[in-house]
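Each in structure tokens, the structures are laid out below.
Each of the next two complexes has chain A plus one more chain, namely chain B in the first and chain C in the second.
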Partner chain A sequence: MTEVLYKLASYITGHAFVRHALIVTVLVALCASLLGVTLVLKRFSFIGDGLSHVAFGAAAVAAALNLTNNMLLVLPFTVMCAILLLRVGRHSKIKGDAALALCSVSALGIGYLIMNRFSVSSNVSGDVCSSLFGSTSILTLSAGDVWLCAALSFAVIAVFLLFYHKIFAVTFDEDFAVAAGVPAKTYNLILAVATAVVIVFAMRLVGALLVSALVVFPALSAMRVFKSFKSVTVCSVVVAVVCAVFGILFSIAAGTPVGSTIVAVDIAGFLVLGATGFIVRRFRPS
Partner chain B sequence: MKTVLLSAACLSLMLAAGCSAGAVPDGGADEGVDVDLTAMSATMVYAEVYNITVSPADYVGKTIKASGLYYPYYYEETGLIYHNIYIADAAACCQQGIEFAWQGEHAYPDDYPAEQARIVISGTFGSYDELGYTYYHIVTDGITVE
Partner chain C sequence: MAKPEPLLVCENLTLGYEGKAVVSGLSFSVSEGDYLCVMGENGSGKSTLLKTILKLQAPLSGRITVGGANKSAFGYLPQQTASQRDFPASVREIVRSGCLGRCGLRPRYGKAEKELAEENMRKLGVAPYAGRCFRELSGGLQRRALLARALCAAQRALLLDEPASGLDPEATREMYALIAGLNAAGTTVIMVSHDIAASLEYVSHVLHIGLQKTLFFGAKDEYAASGVARAGAAAGGAKA
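Moving on, here comes the complex of A and B:
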């Protein structure tokens, strides 16, 4: 155990890319869990999965166009789809989960088709695998990627803190919020943009297929123990960051794939908090 | 109860963050080797090799020890055979190669391992110019077949 900790310490102090990965892991987990509580309560748990597939499709187009910085295409495209799904979608003929499924599978299918036919990479299956399961891409971030992630994460956190009460109102009862004069459409738009930004960065951490875990698990785990919006949000953030950091450190030490290891730790966290919630409810004095 | 649980969760977070503090020398690596890929986990190896290929100039002059599959490659334009060591990632979906040169007089294929043999090499990372481009490779004293 001491030897493993010793090795981990040497990796962190000796390799900039490990420090970059840890910083981005903390920021992405924090933002995903902040938004996760709202998305779960608004019955949009699966939007992370859908948007990550959209981002995969956009990344495939960027790869085919040989763009050096695929964020220029992936981020705006994913934000646009998030707005369509969260805001416009509810007023269209194809609603909710159907619209999400439509976007998700279309982007995934067309994305792979484009990658397969037009990619200039010599290892298409490797690129697809890396995009879908994250692989080690979180450990290959440049300093520029870290700064961009930090700036966007702080923007997401600032939005959440500044509009906390409005987001709370829109989350629990949108109709009542509208009646009370809250511009729900605007806040849904803000949530859509913030969700898309977080999803695009979370893809680098756990991959397109596993990104929902970062959004859903911390919120659901926190809801096992706490009941109020504030306490669930705080606990969700703590659980998300602890699980993600433990997951990536375990992955680095044991040589397991980063994304699936973080998801496994999230599952363990869910089970632990589920058991804690059960014990607390059982032995709480009536 | 909520306060206690929140405090415990926060404490766990601080402990996790605290693990990253303090300078500790590289553990498990061979003496005299700057980057020992054989002493790293599969995840770290892939990330390190990626960084070597993306920023090779940062590694010039460093001693690198690596383990992987041997792949020779013949390039018609120079008429030379280039020797590479391929290293897979933790998800086993990607692999990256580093070129190496074996110092001294060695005939291919007689003196070299069979293609796809698992080998270990150790040597100094350096650069050379060819056809107007700069290439990077490990100059090794020997090849060990595992």
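Moving on, here comes the complex of A and C:
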């Protein structure tokens, strides 16, 4: 045990890429869990998965166009889809989950088609696999990546703290919020943009298929035990950060893939809090 | 006594969804301090009328003029939606959210808003449950908490959509008495209800929407004397 800890400590102090990975993981997990509470309650649990497929499709187009920086295409395109889903979704004829499935499947299908026909890389299935499941790219982050991620994370956290009460109102009961004079559309727009930004960056951490876990697990785990919006939000952030740190340290020590290890730890966290909630309800003096 | 300036004037409204009219030719007005009850069969467009007044949807034709001084918010009590049932939120968090219209761009509630929320929770008897989880309360307490929230937002008027839906007879009576008390204290109330007998006890004006058209609009006493009320009461009696 001490040997493993010693090894981890030497990795963290000795290698900048391990520190970078840790910082980025904590920031992304924090942002994803902040927005996750609202997204789960708005019945958009699968938005992480859906939007990451959209981002995959956009990345495929960017690769076919030989863009050196594919973020220039991926981010605006994903933000656009998020706005369409979160803002228009509620009153459109194709409702939330169906619209999400439609976007996600189309982007995945067309993206793979384009990648297959126009890709310059010789290893198409390898590329697809790594962008869907996340590769070890989290361990190859540059200092610039870390700064960019930190800046965006702080922006997302600031937006959440500034508009916390409005986000609560718009999530709990949008019609009431509009009636009371809160510009709900604006806040939904802000939420959509923040969601898209977080998901595009979280994709690089755990890969497209596992982004949902970062959005959904901490929020659902927190809801097992806590019953007010504030306590659920705080608990969700704590759970997300603890699970992410554990997951990444474990994956470094044991040499397992980063993304799937974090998800495994998230599942464990969900089970622990689920059991806690059950015990608390069972034995609470009422 | 000079007649107060109307708070809300609806002229020749046609309401409906996707171009299909549900009701047309709606004209009525509400003055400050009025208690208007909107009646009609299921599907006659009562809830649609509330949503149109709240600008949640646009009228197909006609005009709504909202008068009065510098007040821009309605307190709305919607019929319960499914998403609220498993939402983790305390009663205090929910009631306070009614004050958001007063906050503008300020990120936090001020002292005045917090006090207003506490006062309205006391008025509606949910103060002892302020820290409790909303979804664990009884149906009656949940409706009262939502009414307290609406009251926080009701700078102009309260708009209530079936305030007693899902309540037992005892809680229904209490709910109507509570609303009458709020109206007596000066709050303008527009309420949708299909419970004619119970709601008529307290209201000042009645708007009765029939299939496709207005059947009646006027003061309660005139309504009681008109044939519409007898027909409605007969229908209500037959239903009960």
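Quick notes on this structure:
Definition applied: the second predicted complex is superposed on the first by the 285 of 286 C-alpha atoms of A that agree within 3 Å, B and C clash if a C-alpha of one lies under 4 Å from a C-alpha of the other, contacts with A are read in each partner's own complex, and residues count from 1 in each chain.
Basically, a residue touches a chain if its C-beta (ideal position, glycine included) is under 8 Å from a C-beta of that chain, and two chains touch if they have at least 3 such contacts.
This structure is a prediction, so every number in the text was calculated from the model and none was measured.
With both structures placed on the common chain, the touch criterion links A:9 to chain B but leaves chain C unconnected. Using the contact criterion defined above for the overlaid structures, shared-chain residue A:241 touches chain B, although it does not reach chain C. Within the superposed three-chain model, A:258 lies in touch with chain B and out of touch with chain C [touch as defined at top]. When chain B and chain C are set side by side, the one touching more residues of chain A is B.
With both structures placed on the common chain, the touch criterion links A:1 to neither chain B nor chain C. Comparing which residues of chain A touch chain B with which touch chain C, the overlap comprises 226, 231. Those residues of chain A whose C-beta lies close enough to touch chain B in the complex are 3, 5-15, 17-19, 21-22, 123, 125-127, 129-130, 133, 135-136, 139-140, 225-226, 231, 234-235, 238-239, 241-242, 245-246, 249, 251-258, 276, 280, 284. Interface residues of chain B facing chain A in the complex, by the touch rule stated above, are 1-2, 5-6, 9-10, 12-13, 16-17, 19-20, 22-28, 40-48, 50-51, 54, 89-91, 93-95.
Those residues of chain C whose C-beta lies close enough to touch chain A in the complex are 51, 54-56, 72-76, 78, 81, 83-84, 87-90, 93-94, 96-98, 100-101, 103, 107-109, 131, 133, 135-136, 149-150, 153, 159. Residues 41-43, 161-166, 168-169, 171-173, 175-182, 223, 226-232 of chain A touch chain C in their complex.
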